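Think of it as A, B, C and D in the order they're written, each chain with its own count starting at 1.
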Amino acid sequence: MRFFSDNAAPVCPQVMTALADANVLDTAYDGDAWSAKLDGALSDLFCTDVAALWVATGTAANSLALAALCPPYGAIVCHRDAHIQNDECGAPEFFTHGAKLLLAEGDGAKLSAEAITALLDATRDDVHQTQPHAISITNATEYGLVYTVAEVTAIGEVARARGLKLHMDGARFANAVAHLDCHPADLTWRAGIDALSFGFVKNGGMSAELLVFFDPELGKATRYRRKRAGHLLSKGRYLAVQILAMLEGDLWLANARAANAGATMLAEAAGDRLIHPVEANEVFLRVTADEAASLRALGFDFYDWGPGEARLVTAWNHTPDDIRPLADAIAAL
Amino acid sequence: MRFFSDNAAPVCPQVMTALADANVLDTAYDGDAWSAKLDGALSDLFCTDVAALWVATGTAANSLALAALCPPYGAIVCHRDAHIQNDECGAPEFFTHGAKLLLAEGDGAKLSAEAITALLDATRDDVHQTQPHAISITNATEYGLVYTVAEVTAIGEVARARGLKLHMDGARFANAVAHLDCHPADLTWRAGIDALSFGFVKNGGMSAELLVFFDPELGKATRYRRKRAGHLLSKGRYLAVQILAMLEGDLWLANARAANAGATMLAEAAGDRLIHPVEANEVFLRVTADEAASLRALGFDFYDWGPGEARLVTAWNHTPDDIRPLADAIAAL
Amino acid sequence: MRFFSDNAAPVCPQVMTALADANVLDTAYDGDAWSAKLDGALSDLFCTDVAALWVATGTAANSLALAALCPPYGAIVCHRDAHIQNDECGAPEFFTHGAKLLLAEGDGAKLSAEAITALLDATRDDVHQTQPHAISITNATEYGLVYTVAEVTAIGEVARARGLKLHMDGARFANAVAHLDCHPADLTWRAGIDALSFGFVKNGGMSAELLVFFDPELGKATRYRRKRAGHLLSKGRYLAVQILAMLEGDLWLANARAANAGATMLAEAAGDRLIHPVEANEVFLRVTADEAASLRALGFDFYDWGPGEARLVTAWNHTPDDIRPLADAIAAL
Amino acid sequence: MRFFSDNAAPVCPQVMTALADANVLDTAYDGDAWSAKLDGALSDLFCTDVAALWVATGTAANSLALAALCPPYGAIVCHRDAHIQNDECGAPEFFTHGAKLLLAEGDGAKLSAEAITALLDATRDDVHQTQPHAISITNATEYGLVYTVAEVTAIGEVARARGLKLHMDGARFANAVAHLDCHPADLTWRAGIDALSFGFVKNGGMSAELLVFFDPELGKATRYRRKRAGHLLSKGRYLAVQILAMLEGDLWLANARAANAGATMLAEAAGDRLIHPVEANEVFLRVTADEAASLRALGFDFYDWGPGEARLVTAWNHTPDDIRPLADAIAAL
């Protein structure tokens, strides 16, 4: 059983069925019936008028968002361990035409309003330093922590007070909402979020991610930028249907709850070995090289995450029966 | 019946089946078993060692190719009516970081070695003018014409003599090969092509296009550029399987032959109305506004292509029975 | 005597004196007393509040202007023979991050409101084509023609009606104003110009050009872009003093009148040989290779401008006595 | 007396004289007699064949160098306090098209081979992380420390071992060479430097900095990039003459020695107040707000450099008589 990545999981059956059902002639690009429903469906979900654009990757969603929020000569505050800083091969710099990422710190890849304020205060207000125009936070974070509504709201207040835009990398937004059991509006625009990268692929989708602008005007230029970045798929309807299928009956939340539950089982088994609290679907463990080897000998695969550390990721399709053997093996170490 | 675009056609059943078959856990990004087969499968097809990278759109394939072939301060020669010039919202400029497209002319969006040479000769060799580093041709062209092996070879010789790289936008490469009934190697690297955008989506795929470098070394940096452009899909295996399914048993050629045959039927019916010879799956007709309206009244949809002109595009799934009513209607105008 | 280029002329004595007078300690970058005077001096000259930024080259002025007026995913309409298209090695594409130049035509590198309108009408309003955001005209043009106030106003009306910004490349703005004997405000913002590249170097300066925004708000981001492009000189005061010296007593106009007068003398001598009307300080002649050789044998240097054509450029320091021998030699051909 | 910045100092008389002497007609851009001498003059100075390009700012020199050494999808290792990171408004990102700066640490803005190695070792070798292609060090550093020949050589060895290029930001290269009393070749290419930003403006020049490539081939594309960035001045000869004047009789070294001597006098007066050793022309002091105020009351101006810290910069034109009053005032605090 592999616990490398939620990207390794298969596509959930409802998405496969929806793709098959949609396999008829329709208009190219985003002129089809399914794509036309997205703005409405997401506006309903978030209880406000949004602009919702499908793209094929979270990297594209994040980078298009940042390009909409920060000019080329500006800067974006993010965590030192943010995916946009470490795992996208400079995509934010590519899409923003060279905006700079300013790196703040915090446990578990989580930023506080205070840490952001300190970084902003340290920037001289002159033409020699790149001036911050946006903040980007990841929820759930790269280490599986979840920003609460109050925490996002505090950061949103800093953003508004400084005239900055606020982006949420929600590759695991579903896991965060499932963990908090909150309304998605409360965790986003009501807390000050301007743009959300809403992830579906790690959560059971095939190739559709969503970029949501809570002020539709903000997203206007992004339709051009998406095309220009080669992200306006010729048969875009096959992306739209994935998202619609996952919104149907709150499948996105059900899938995320399943993944979170798996991680929680592992966390309970891990006890003191946990490096970070487990609030989403990632588990970071302290294990010796021997212990890691013994787990692998039992057929469990995962990433070594630095010396003496392992990362285990659960997915939408992990059942308790899938998880139990690993939980038992961890407890028995 | 809609003849707007081959992008409007559905996905062919073999691709749908392959997607379902591949819907199991595997490694993320391009670390999976299917993606690993691409270099080999395409090397076999082209009888030479190639680097083959899946991407989600033809625009991405074209632009990544151009970024590999031309530096930011250089220029790319293409036709005034090229897709890369008119229909990609500046994607080549985005991916190349501002290289300039130098526009040459020729009937039916087709360039000749002579036209290219004349343009090159008109460029001063100094630091004030952007210097050409690459040539890009589209085969089949935007107006459905096909470059023969001899024509590509002549352009390849100009490229080599001038130290330029040569790209082929093959969004309808399959239609060109089907029309010529030639070996794909003869139409590409043996004729001097360095990089090929090999289209699958218009030809029955869902979301997978391929970028082929005939010198694998040329493609090395492109693996970074692909990630950086947000085109390394998290579950890339669902792209790889589409391509493998279409290579299987030369489905790509069978599909293209079907589309070409439909266009040929229409061309025969159109006679003197044809604006361009029909060599692939696009038909450009002279029709009055009244004639266009009468065709539409019969249930046929297509693009107006300037005043008094219409564009009809056939697809892999058009049978003779699908085409005949339109052919008859055109003949009866 | 060399008639290659007004860039080859020396620096006028008033500028040299001003540089010497300013050679004292002052604040770095643009924090000095001279730089602080520019906004005011130019606002006085143009009878409206402007933002005026020195830069070291016309290419920088043009490109910074275009970056302020057009987003990366947009397009700029200019003449096929515009300096920004042919002579700046892609600088507009660099500074705008890949905006596209859309090329219109017109005699003598001069655009008409009609030609611009026709080009705009030919652009589809969708995300596949780069959408025009700005127009750039050169006054005096690359062939020495001058747009009248009425002509600029007509283009300004097209710009306003279409929601486009309007830039004037005024590398030889002084020559245009001198020729028209008009108020500089009438040729610029009153006619709809948003940003002017105001040239001083060809007109007797050493290394200072000026970028003028007629809406100061438009220029705000440009202060960051200038720094980021390496164009905020450490000792910027040595640029500011050049400009102030040339504004003093309308030296800029006196210098331009002198250069224009020289060109007029040559034009009168050239008669039917003129390829374009001579309205500024450039003269384009029909001469055979033998005639060109005979002029060179007499000690006159100039550019061959295509077969059978020569370009002669006069400068601020050419006196009638300098010009007469060449005028006589041309008349005697 | 102002000790804000060496950029605030006037231009040294030899440069002013050279500018006046050169004020005659010559070829535009870099086609003149003076510009033609640069490659040779610098090759002589460095005892190896170099390509030497004038530009107007150190920011342009640094950024053009980095663009030559690192592709858009790569990364450059530099110090957290490097000028290229903090004081150029993102110019490296602009010129490199978005390469990422990877920040290492070390006292006094100085990197060690060990710190660089640790940073390189922490970068995963995959397409998700931007891969380092270059290292940039500043000599003298932003805090006035000087890398010795041995220290640069150690970093050069890391660079070579890892296949990275090595850039030296030498805004105060003259001060470093003067301090070390070494041969400029030993501190540059013999130690592994590929490109040097050789500063003249802070050291008595007006507007000319120099970019030196120790492998002339490396600099070839830079001639295009310089034009494209608007840094090919129309009357470039006025930059070339500044540099030639400062090379004449080693004026560049004499000026740097004078500035260094002034800083040394201040350092001796400052004693325990020194935050960093004084090895060039910058002095960083611990002073209370009251002490700073009392110095200012005596007519000395300088930057507050964070709470309780002041930065004093001496220049080529500071004589011992200029410095003594400040030294006495510091000693008397």
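Just so we're on the same page, a contact is a pair of C-beta atoms (placed from the backbone, for glycine too) under 8 Å apart; a residue touches a chain by one contact, two chains touch by 3 or more.
All values derive from a computational prediction rather than experimental measurement.
Novice: Return the chains common to the contact lists of chain B and chain C.
Specialist: A, D
Novice: A-B versus A-C: which has more C-beta pairs touching?
Specialist: A-B
Novice: Where the centres are mean C-alpha positions, what is the separation of chain A from chain D, in Å?
Specialist: A distance of 42 Å separates the two centres.
Novice: From the C-alpha centre of chain A to that of chain B, how far is it in Å?
Specialist: That gives a centre separation of 34 Å.
Novice: Distance from the CA centroid of chain A to that of chain C, rounded to the nearest Å?
Specialist: Distance between chain centres, rounded to whole Å: 49 Å.
Novice: Do you know which chain A residues sit against two or more other chains?
Specialist: 72-73, 88-90, 94, 97, 127-128, 224, 227-228, 232
Novice: In their complex, what parts of chain A are in touch with chain D?
Specialist: The contact residues of chain A facing chain D are 72-73, 75, 86-90, 93-94, 96-101, 103, 127-130.
Novice: Applying the document's contact rule, which stretches of chain C touch chain D when the two form their complex?
Specialist: Within the complex, chain C touches chain D at residues 2, 4-5, 7-11, 16, 19-20, 23-29, 55-61, 63-64, 88-91, 94-95, 201-202, 206-207, 224, 227-235, 238-239.
Novice: Give the list of chain A residues in touch with chain C in this complex.
Specialist: Of all residues in chain A, those touching chain C are 71-74, 97, 127-128, 131, 221, 223-228, 232.
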